[in-house]
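Input: structures, listed below.
One chain, chain A, links the two complexes that follow: it is found with chain B in the first and with chain C in the second.
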Partner chain A sequence: MNGNTYLYILVMAGVTYLIRLIPLILMRKEIKNVYVKSFLYYVPYVTLAVMTFPSILGATASIWSAWAGFITALILAYRGNSLFKVSILACLSVFVFEFFLL
Partner chain B sequence: MSSYITPWKKGVKDGIPIALGYFAVSFTFGIMAKNAGLTPFQAVFMSATNLTSAGQFGALALIGTSAPYIEMALTQLIINLRYCLMSSSLSQKFDAGSFFPHRFLVAFGITDEIFGVSVYREGKLNPFYNYGLMSISIPGWVLGTFCGVVSGGILPGRIISALSIALYGMFIAVIVPPAKGNKLLTGIILLSMTLSLLFAKISIFSQISQGFKIIILTVLIAGIAAFLFPVREGANER
Partner chain C sequence: MQLSNLISGKNEQVEEVWAALRDCAPMVLGVVPFGITCGIMGLTANMSGLETILMSVFVFAGASQFIGISMLSAGITGWGIIILTTLLVNLRHLIMGSSLAPYMIKLPFPLQAFLAFFLTDEAYALTISRSYKVRYSELYQLIVSTMIYLVWILATLAGVGLGSYISDPLTWGLDFAMPATFLVLLIPLLKDHISLIVFGIAAVVSVSAALYLPGKWYIIIACVIATSIGGLLEGDNKNAQ
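Then we have the complex of A and B:
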């Protein structure tokens, strides 16, 4: 470990920021192309679904408490609860599950 | 006045689960950063300037082996390229004219979670909503890192374990309600999760990094869906 750690951090920060910034700067006008519009409309659903599953099953101390949290979140979200409520109650169900069953 | 304050407050409120989830993840990051030999200041500095989980975890290994800087740059590019897709998607949510300087600030806060929450706001996106999300979630990320570095053993494992699901709970809260009663979106979400599971389980694919997997599946599934089911005018306002 040496003083270059800061240079590493600045390199990674610079690259990561540019990845985030460039599309926002270049795509300032509303896109008219139906295909591109549709693609961008579907992007978040696919991205978030892929990020959630199956990673969620490995997030907690056991796969079973993760399932408990996952199912809790699905039910509460389906019923239209707020982000905060869904998220906190998913955490709580994991905690309760692990507390009593592990 | 209220066109700044109200969306900012709403952003702070929606950012609370993000901050809790970030705390849990960055706490783990802090512990690993300490093991990798970073000082508390370096770890906190990395979290405050990068704001990216997978990228930071990946960086620890590279710093540990004194990798060339170009390798660090390329690794971050690959791991974080998904933000490029997210920024593109989000760019369509902002007003074309009035918003230019804000784009530089909002860009800094584009993470999986902030993107996930802000892209589903009804109508055009107010940058102050994003600032609200950022002003609670960034401190959560930085504070978690700090606590992880200086006090790895203080928080009980059960709490960390429970908080670790917060981010996923939030993703679910974001994608499930619009899919309710919408067979097409439900199908796309189920297909995405199934293919994601296959990518994780089949050995040829399981070596692909998480960041790349997200890009491949997003381009593939959203690309085919856009071809087969183009969105009608006005339907993608939300």
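Then we have the complex of A and C:
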């Protein structure tokens, strides 16, 4: 590596930060347009869905342990269990499935 | 008095702090193996420990750090390609930032600019989920964001320091905690048929697009298609008011 690595890091940091800041610079007033509001209303649903899928099915060593973890998380989440409990038990089910059943 | 408030959790701000710490615990669990991997990857790519850690301190974006390190390792150092790749990998934050902006509009701009630095998938997911279920709280966002940031840096440090002694952290199974947490945040939001349709479309498009598109493009494609359909179905219904 040469001295340019630090500059490289700074450029990456600058670009990353600008992307995070631009919406806050552009959206300085309350949004009145109903369709824009509707669009923004569903952004969290969609972003949470795309951050869950497909990574939940590809985060383990095998697709079967991924399904085991996914079904465990789905049932526990539907029953209203806490974030931490669901995450730990889902990870545990993946571990048990991979360690004992595969 | 403050201690008794802290214990009983009566004070609203104290409640936000507890909620933030409680909610970010599983996210932190998922962040650790990625942070350690980032540290190990930096050293493998012949970056110094300091360079690898500084990248986590200043960039604080997992996916673009992984790609940046791989590019450095492969000797790709053209400025155009670095800027373009970082831009494309992080493009999803433009959508997430737009979704959070209406809540942050009343905050002083310096605080908005400060919070923007910490906007990651995980911090966004927790903050927006809290905003929908309870209310938006800048204190909650600040604590969640800085906790994830600190853990990311500490995990990178651990990767740099213990790299040769640790087997691949991504095989520990802890990275499963992150999508599992996203799922838990999502389920309670699915209360009506439009949200279920939007969720279904997003999941199907995302899985299909991930098979054929490189990098994180599937996120952008699924976001644009599913939110547009959601917006059209919603029209001028109550949620849009």
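In this section, the second predicted complex is superposed on the first by the 101 of 102 C-alpha atoms of A that agree within 3 Å, B and C clash if a C-alpha of one lies under 4 Å from a C-alpha of the other, contacts with A are read in each partner's own complex, and residues count from 1 in each chain.
The rule is simple: a contact is a pair of C-beta atoms (placed from the backbone, for glycine too) under 8 Å apart; a residue touches a chain by one contact, two chains touch by 3 or more.
Model, not experiment: these values are computed from the prediction.
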item	value
Chain A as common anchor, with chain B and chain C clashing or fitting	clash
Touched partner set for A:13, first chain B, second chain C, both or neither	both
First (chain B), second (chain C), both or neither touched by A:91	both
Which of chain B and chain C A:47 touches, first, second, both or neither	both
Touching both chain C and chain B, counted on chain A across the two superposed complexes	1, 4-6, 8-13, 15-17, 19-24, 26-31, 34-35, 37-56, 59-61, 66, 69-70, 73-74, 76-78, 80-84, 86-88, 90-91, 94-95, 98
Complex contact set, residues of chain C against chain A	22-23, 25-26, 29-30, 46-48, 51, 54-55, 58-61, 64-65, 68, 72, 77, 79, 82-83, 86-87, 90-102, 104-105, 109, 112-113, 116-117, 119, 121, 124-125, 128-129, 132, 171, 173-190, 194-195, 198-199, 202-203, 206-207, 210, 218-219, 222-223, 226-228, 230-232, 234-237, 239-241
Chain B residues within the chain A interface of the complex	13-14, 16-17, 20-21, 37-38, 42, 45-46, 49-52, 55-56, 59, 62-63, 66, 69, 72-73, 76-77, 80-92, 94, 96, 100, 103-104, 106-108, 110, 112, 115-117, 119-120, 157-159, 161-180, 185, 188-190, 192-193, 195-197, 200, 210, 213-214, 217-218, 221-223, 225-227, 229-231, 235-236
Chain A residues within the chain B interface of the complex	1-2, 4-13, 15-17, 19-31, 34-56, 59-61, 65-66, 69-70, 72-74, 76-78, 80-92, 94-95, 98-99
Touch list for chain A against partner chain C, complex	1, 4-6, 8-13, 15-17, 19-24, 26-31, 34-35, 37-57, 59-61, 66, 69-70, 73-74, 76-78, 80-84, 86-88, 90-91, 94-95, 98
